[in-house]
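The letters A, B, C, D and E name the chains in turn, as written, and every chain counts its residues from 1.
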Amino acid sequence: QVSDDVVKIGILNDQSGVYANFGGRYSYEAALMAVEDFGGTVLGAPIEVVTADHQNKPDVASNIARQWYDTEQVDSIMELTTSSVALAVQALSRDAGKITITTGAATTELTGAQCSPYGFHWVYDTHALAVGTGGALVEQGGDTWYFLTADYAFGYSLEENTGNFVKAQGGEVLGSVRHPLASNDFSSFLLQAQASGAKVIGLANAGADTQNAIKQAAEFGIVQGGQRLAALLFTLAEVHGLGAEAAQGLTLTESFYWNRTDDSRAFAERFFERTGAMPNMVHAGTYSAVAQYLKSVEAAGTDATEAVSAKLHELPVSDLFAENGTVAPNGRMIKDVYLMEVKAPDQITTPWDYYNVLATIPGDVAYINPAESGCPLVTQ
Amino acid sequence: MSEPLLNVSDLHAWYGESHILHGVNMHVNQGETICILGRNGMGKTTTLRTVMGILRKRTGEIRFAGHDLMATPLHRTAHTGLGFVPEERGIFATLNVDENLMLPPKVAEGGMSVDEIYKLFPNLKERRNSPGTKLSGGEQQMLAIARILRTGARCLLLDEPTEGLAPVIIDAIGEVLTELKSRGMTVVLVEQNFRFASRVADRFYLMDHGQMVMEFPVSEMEVRREELNQALGV
Amino acid sequence: MMTIFGVPTAALFGQLLVGLINGSFYALLSLGLAVIFGLLRVINFAHGAQYMLGAFAAYLLAVWLGLGYWSALILAPAIVGIVGAAIERTMLSRLYKLDHLYGLLFTFGLSLTIEGTFRYFFGAAGQPYAGPAALQGGVNLGFMFMPIYRGWVVVASLIVCIGVWLLIEKTKLGSYLRAATENPTLVQSFGVNVPLLLTFTYGLGAALAAFAGVLAAPIYQVSPLMGSNLIIIVFAVVVVGGMGSILGAIVTGYMLGIAEGLTKVFYPEASNIVIFVIMAIVLILRPAGLFGKDA
Amino acid sequence: MNANPVSKQDQPRVVLSARGLGKDFSGFTAVNNVDLDVHHARIHALIGPNGAGKTTVFNLLTKFLQPTRGNITLLGTDITSMKPDRVARMGLVRSFQISAVFPHLTVLENVRVALQRPNNLATQFWLPLSSLDRLNGRADVLIDELGLTEYRDTRAADLSYGRKRVLEIATTLALDPEVLLLDEPMAGMGREDVKMVAGIIRDVAQHRAVLMVEHNLSVVADICDHVTVLARGEIIAEGDYRSVADDPVVRTAYMGSEA
Amino acid sequence: MAVKSEPIATETIDVLPNASGVRTVLLLVLLAGLLVAPFMLYPIFVMKLLCFALFAAAFNLLLGYTGLLSFGHAAFFGGSAYFTAHAVKEWGWSPEFGVLLGVAGAAVLGLIMGAIAIRRQGIYFAMITLALSQMFFFFCLQAGFTRGEDGIQSVPRGQLFGFIDLTNDINMYYFVLGVFLLGMLMIWRIVNSPFGMILKSIRENESRATSLGYSVARYKLAAFVMSAALTGLAGGVKALVFQFATLTDVAWQMSGEVILMTLLGGIGTLIGPVFGAGLVVTLQNYLATSDFPVTIITGVVFMVCVLVFRRGLVGEFYASKLGRRLGFNPEN
């Protein structure tokens, strides 16, 4: 019942670009851990994990995915950092009848208008980020916003979600400026944001782009001038990269924090031994996704796409990443997300213990109600 | 007689695969002006370029003033006192006349001063700030010669200095050469213009297919006229 | 708030300053390109890679040897210059006899190799590099907040540009260099060691790029691809200025940086292409470039 | 020096003329106030010291340079502001001071390239190469006339210098030009070639106008009907060779001891 | 006596008596290989190869036969991919018209870019085309219809002539092969035509061509536009094969890649670029999922080609003894 006598999982993500630390090779490591924890075989067939670098280019990603499916018997592809890539690969996989579980990308489109019966979105999305970080800042009085947006699907989605949320809370969006992915120089964009006079500058970008923007904002005295920066997608990896000094006080949203429960701590220690870094939500989420996929294969008794997807939709998710997760008909895995604050350097006692958890946002608040997601698969 | 200033023996040279010089033998004494005659393409220019070391695919022996030129890298050759005025003149377009004139480093004492040079070539003085290639052919030829006179070279290799020049200018160049000779300059001249050559040269070589086939002093010029005309295809 | 043409002065001056800083990099890089092109007739496609090498040299000097910014500012260009000279000596010098396009293609391959190698070892993401402590912070100019370090970049690039220009236009060395461009064999037959001169020139050009790289390191991240897109803009700058014109490269570099800054204020959508548009217009009106002599 | 046989020659008439022609190069006047009439069926020599502006005059006439002053008329049409290829199509064709052939094409192909244009076989990218074979007849006649038959299939690069010049003249003649401008056609040629080329020029001039720059005064004396002497960009003398050569101004400015 | 100058004696090599027969056989073997290829190899891979081979051959039409090095051909390749993808996906055009639109679009782009660039020569030309294509790149980055970094995804392959289903890889393959052969045939014809002869003479001596009455600029422009249009043909088909049009295809690295293919195969040889493209694409495919960055290898290959074998693989073969015995001429 297992095609080609092997269950093969592809981890496709950015391993050398701006998101190399965000997911990167460590996601692959997390996937390997999940396979080992599962015992290395499922239904008597060996489990294999392959990986490739898509360089954040949707066409490169599609080519690799196509080739994996056509010539290398890959059964499902996961991780898929970068929204444009995730959208492309999810669409292609849907045509090819293969499962994708996105853990790295953020756009709500994946479970919205472009949803797929075989596509799953596991870790977070732009809506959750908007509700988390956006909500917190508006609450603190940041009611006028200006966005610095990465110029592709993810950026638009994040800007739109956050903007809508801000407006819904009675705030105002003064404008936005778009920058190409992997920009070096944010100074002129920052100056425009500064000139807008908005109270909050929303950084609708991610990875190294956000790090750079924060650093350069400091150079131009933007925070001194009284404006706040909202790093809308910022994880442990980037906090570590930027350093606690520069990152202190940032508010951010993640769906996982390693130092939150015993289970997560135990996983994190093992992960640290293998990689030298603590996991962020993408790494933990990839572990969870692989594990859940294997469980579903086992439960379905086959690796056939239809059957496994059905199980993925059906089985509850309960592991170190998600305590009580469920998968909605549009493919969205729904669980709690957390609002965090980066501690001041002098408060950090354990290495990597960067966060205070400010609030837990329940899954049904964080994520769009599946019925309103615009996904045609959801029967109203 | 003492050792010649320049002595070339059994010199062979190649352009890529084609063997152009087939054992050239020639010598030039201190203070002498010799002239290499020969039809087009017989290897006159090649001889000069090989002696100077510009063409490096060569065998044989070249000695100049006690130096073994076969073993001397091109940029050291000038420092032995050899100066070269190429057929195509080699004026630099991006430098003006003055800069062109000042370009070659001084290799020895005793060169002419800039004032002396401009006295010799008044045309050049007039155009001293124009870019080199904006000069006409004749002006360029003068500049090419003038340029070497400054460096203090003791032996000049001159390749067809009168080519494409007007008769008055040729006259002027003839005077310059006579003047240089009186100062003890040694000159190796390549010429097609035999009337000009016989005015300035002490001795002649006739070149044919990459070899020197005849050698005679200027005094034998008249006697050999017939023979020469035949050889040169006049 | 004061405005000019409906644009707040702070934004206007801010963008002008950013433009001037970008212009400083354009000028330094196009200067190096012009020097190399002017004398070797090689379009140094690896210039962007050498700029990156400068930044990386500074970064690695700091990581491995703990050397600070100021020593890197001297050492990194020296190292890159020597590497450049070695490459010229061993490889590039074989191409002078051929069509100049081969020089372009060779350096293109070189840049791919260098960038690929650094990408392999350091990833495409940037590495942070700390600027000198003395130049941290900024001054409030009233209309805007100017980071001191960025001011220093403008000053340093101006000094270097003028210095190099004087070297080439006003010294004997410069006239050797210019003459050697046209007829290296002849200059050599005059007793000048031309191959050495060319090696020196390429080294100088590479060092200039590396100098720009060190200046850039604290502002931008140090990343393997930092030079690869910049180089094309710099090409356009050189074309606008007039290929091989040293002065043209410098002046155009600053001018286009500022033009780009202004575009960001008035019509941001076009800021990426404004330099190329200017290039097209200049080519139509003055094919030899603003400062170029008619070919 | 002997006069040309006038018998089978066409009647002279002005085909190319320049009035008040002048050219400045950034402040330096290379050519000034030149009036020139070139006649059909005559050989007109332009001589003068180096730097007199002869090549520049050629460049002006053929429109490779744009004159600063003055105007040029070709066959009754004002061509002062035309492009060089246009002028060439009107029948004014030049040769270059430095020989200009297509080195990697054979002699035949060189000539055919010239023949292609008047025969409307230049833009057809859909036709096979063999469609050019119908030009071979005409090309062979030219090649034969100029004594290149032996070299018909030799690449131009492999020809001797003199033959390259002859080939250049052949391609020029292939266009059957009204006016032929030759810049130092004999420079760098062996004596035998000089004679041959002089003969060819004399022949072709029977039915067209020739304007040539030449330093070789014996050739000028031999074949030219009319001589214009240029010095410092201006015309200092004009007339047949003898009268010009006897002119004391010309003697001091140009001819020196050789006259 | 005249200057005696024999034509330079080249090493005499007897051309094999049945040389042209051997060449025909070689060609037929190649053709047969292409016909059965989709059954032996991964069809998408072979299609990619054919698209790039045509791209390189079209590029070579300009570089190899006109002597113009364009560093901006990605604009035509990627531009055409966008036009085709947009027409097919958004307007529902059939694939053949989509590709034709791509070709027309690329030709228009070529006309505009060419008109500016041919004002200069040599390296200047290369740099100007590079800059102009970069300008087009930024245009594509910002224009709405290209969808920026996301690209035009899921382009339907549709039905060729309304009845051949191209979603089938084998059908698609033969369509691509047909286009490829057609393109190569056109290039071959252009090169060996009266027009090609003039291009050649312009490359050899521009001012002489002018003085013979040829409007050099127009010929160059015409060659540029033809090359752009054929490049567009390759680009449009590629968009259908991969069902994708992205910025990668308009980026300057793509222009570099096509130069590499041509250089590696042999500039100025008709099938050199085909082999070059084959090698580069195979290499990239092989390395795509390995850790080792392709750029290093590409870069090194570039340097080696330029330094030691500038004639390229096919060119070197032609110039070799065997090649010459088979009657290939390294000059052409």
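Assume contacts are C-beta pairs under 8 Å (C-beta built on N, C-alpha and C of every residue); 3 or more make two chains touch, one makes a residue touch a chain.
Molecules present, by chain and UniProt name: B, D = ABC transporter ATP-binding protein; C, E = Branched-chain amino acid ABC transporter permease.
This one's a predicted model, so the numbers in the text were calculated from it and none came from an experiment.
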Intersection of contact sets, subunit A vs subunit E, gives C
Hopping only between chains that touch, the fewest steps from subunit C to subunit D number 2
Hop count on the shortest chain-contact route linking subunit A and subunit D comes to 2
Looking at Cα centroids only, farthest away from subunit C lies chain D
Rounded to the nearest Å, the gap separating the Cα centres of subunit C and subunit E is 32
Chain-centre distance (mean CA atoms) for subunit A and subunit B, in whole Å, is 79
Dist(centroid_CA(subunit D), centroid_CA(subunit E)) in Å evaluates to 42
Flagged in subunit D as touching 2+ other chains are 160-162, 189-190, 192
Touching two or more other chains in subunit C are residues 119
Multi-partner residues in subunit E (2 or more other chains touched) are 1-3, 5, 8, 141, 293
The subunit C residues in contact with subunit A across the complex are 8, 10-11, 14-15, 18, 21-22, 119, 123-126, 128, 138, 140, 144-145, 147, 149-150, 219-221, 223, 225-226, 261, 264, 268, 271
Touching subunit D in the complex, subunit B uses residues 39-41, 123, 130, 134-139, 141, 163-171, 232-234
Interface with subunit B, subunit C side, in the complex: residues 172, 175-176, 178-179, 181-183, 185-194
The residues of subunit E that touch subunit C in their complex are 69, 116-117, 119-120, 122-124, 126-128, 130-132, 134-135, 138-139, 141-142, 252, 256, 259-260, 263, 291-303, 305-307, 310
Within their complex, subunit A touches subunit E through residues 16, 50, 52, 56-60, 62-64, 66-67, 70-71, 84, 87-88, 91-92, 95, 151-153, 180-181
